[in-house]
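Let me give you the structure first, and then I'll get to my questions.
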């Protein structure tokens, strides 16, 4: 068993808030991250898959294919977007890095399985000072 | 003459567009950066000042003071904000990295002068792949 | 279960030595790291906590609170300090990165528990070429 | 139990291909990585060992010794070399990052054991966008 | 006048040598960089252009166009290639980072001019420890 | 004319203070950087030289030689040392990054000249948030 990680990036806007709370309450709980006019980040996404090395090909999975799937299923849908309002697979959640990582897992997992390996970890780096890792449900 | 650089950071939303153009025309010219629903970045700001080394104190300017001024005059006004709609000193411009760097120069320059040194360069890094440097008018 | 990591930094002096050995013996065992006149580092501390996502708030723990606790309990006590002589919770140990990580764990763990989540890992990066990770006793 | 990681680097040439396939077939499967005239990378190698902290010395293993072993057994044999043709312990494999990590594990493991600790992970970073981790057979 | 920089990357093989010298003489002068079996690097290329901010568009030059030109004229011709043998615009030189930067300048400069701005600097980073900057003939 | 930069690193202890002032006065002026028990940093030193490309050899100066000179004349004298008390060429100054850069310039410049090129810039990075550049007297 070996672990292979691919990085992809996306730049997006978001805010943290509960729609049933007013701005004051959201500000109290989520601080400046709740700004109703949005803010944004350069997100770094690290997708780690695990599997056996294919003895004929020398790799777990073709990196080019893996990158294409991550871009097609995830980062092209997030890049230069508003994460709260424009992404179908992110609807109905508080737009935290935690929930973002979990939804990216759900979005990617069936596609990784079809490659003959297993999704191991979704790591989302929001800033140089904080990131989230999700290893599955 | 010696050059001292201080980094400060801010995370913000923006879009590139001309208000007199419709979305289609903006999309044609500015691409995905014109998304009407905003996107965002982790911006890195490098402020370089130049001056003689103060012989009594060993530095051009007190770094703590320099950092406080940059935060008070610039990054606290930009952090977790919408650069297009919420920042007084950024009004009336296309919100490009170039214009952002120029307006940060204009905002900081009088304050740097009062420290007894000279503003040399404003460098704004928008992503790991592009940045702008402005050395004054 | 999801993992959230917060980085904080501190710059400090230290040396590796056993007080009951003379300088020659310390030099033989610890090399230049035993310099009696000290040396120092820019330390990067990564604190990883794990827990369930709070369904109402969307996060494991409020990042702002987590950062405040790490700074109050750890990095403000270490920053611009001599790790061998000035930090109460570091007394009585050889000032290696390993022991530093373990003592930071002991210092932080009760406070993390009170946040309703679990401390998972203390990672201390001493230089770009070496770091230590501790996952608990 | 604590984990200590040491980074060493090497710059090398390689290509991905199966010798029994012609260039066309190799190109189809491995893409531009199969270029018969070679390409290359700045590789970053992170070696993680685990063990108990030696109570007399404060560390799992002497970092200087660990670095010397990694350089003598691995990186000095790989640096400024052609990984496909010049390295004895890399013969007979497709020169993927996966196989490289596994062979580095096999090369290092007996030497780490002699230090009184255990090899935990070999991480090989090929580019800023992909890396491999191997935790043993 | 403002300065805009775009990064592009390429991974390539090369060696330093003079064809009229034998391997021994090349080794004596160029060290391990002269390995006849090649070695390689992850190169980072930073292209800086300067110009006035276009008042209608807010930028010196469209970053997307700039990136496309750099990739079409330079990095796609270098990526996963052998710099000594496979690149037309690199023929007849010792394949040092200095000569590489100069030839990239010559290759890009006419195309930058057609964009209505000026090429200012070609920076080529070969490793984390060395890079070259060329500002023109 | 082309510019070549070499990075070397050193980890050291220091403090900012004037010996004729008491600790209270030093604290008032220099803040926590004046801690009498020292603190320290991982310093990054970037040495930039300029010159013509040697047409026979393809480089401005042999990087290996340049690195050896920087290590012999500067970083080996600073690494794992107390900058205030242990380094002959740093005596009699306030140990600021500015003064450190100037003294490194003075220390290196005659040796660079003997290589047939010119010292262009000494850049000293003290933390990820501040650095100093000196281009000569």
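Odds and ends about this structure:
First chain written, first letter: the chains are A, B, C, D, E and F, and each begins at residue 1.
Keep in mind that, in the parts below, contacts are C-beta pairs under 8 Å (C-beta built on N, C-alpha and C of every residue); 3 or more make two chains touch, one makes a residue touch a chain.
Note that the coordinates shown come from a computational prediction; the quantities given were computed from them, not determined experimentally.
Think of each touching pair as a link: the shortest run of links from chain A to chain F has 2 of them. The fewest steps needed to get from chain B to chain C, moving only between touching chains, is 2. Judged by contacting C-beta pairs, the busier of the interfaces A-B and C-D is A-B. Rounded to the nearest 5, the angle that brings the Cα atoms of chain D onto chain F is 180°. Put simply, the chain farthest from chain D by mean CA position is B. Comparing the centres of all chains, each the average of its CA atoms, the largest separation from chain F belongs to A. At the chain D-chain E interface, residue numbers used by both copies make up over half of all numbers present, so the two copies contact each other through mostly the same positions.
Rounded to a whole number, the gap between the C-alpha centres of chain E and chain F is 29 angstrom. Those residues of chain F in touch with two or more other chains are numbered 128. Contacts between chains, counted with the stated touch criterion, involve the pairs A-B, A-C, A-D, B-E, B-F, C-D, C-F, D-E, E-F.
Across the interface of their complex, chain F is touched by residues 1-8, 48, 53, 56-60, 63-64, 67 of chain B. Partner chain F is touched in their complex by these residues of chain E: 16, 18, 29, 31, 93-99, 101-102, 128-135.
Listed in rising order, the residues of chain F touching chain C in the complex are 9, 11-14, 32-33, 35, 37-42, 79-82, 85-86, 127-128.
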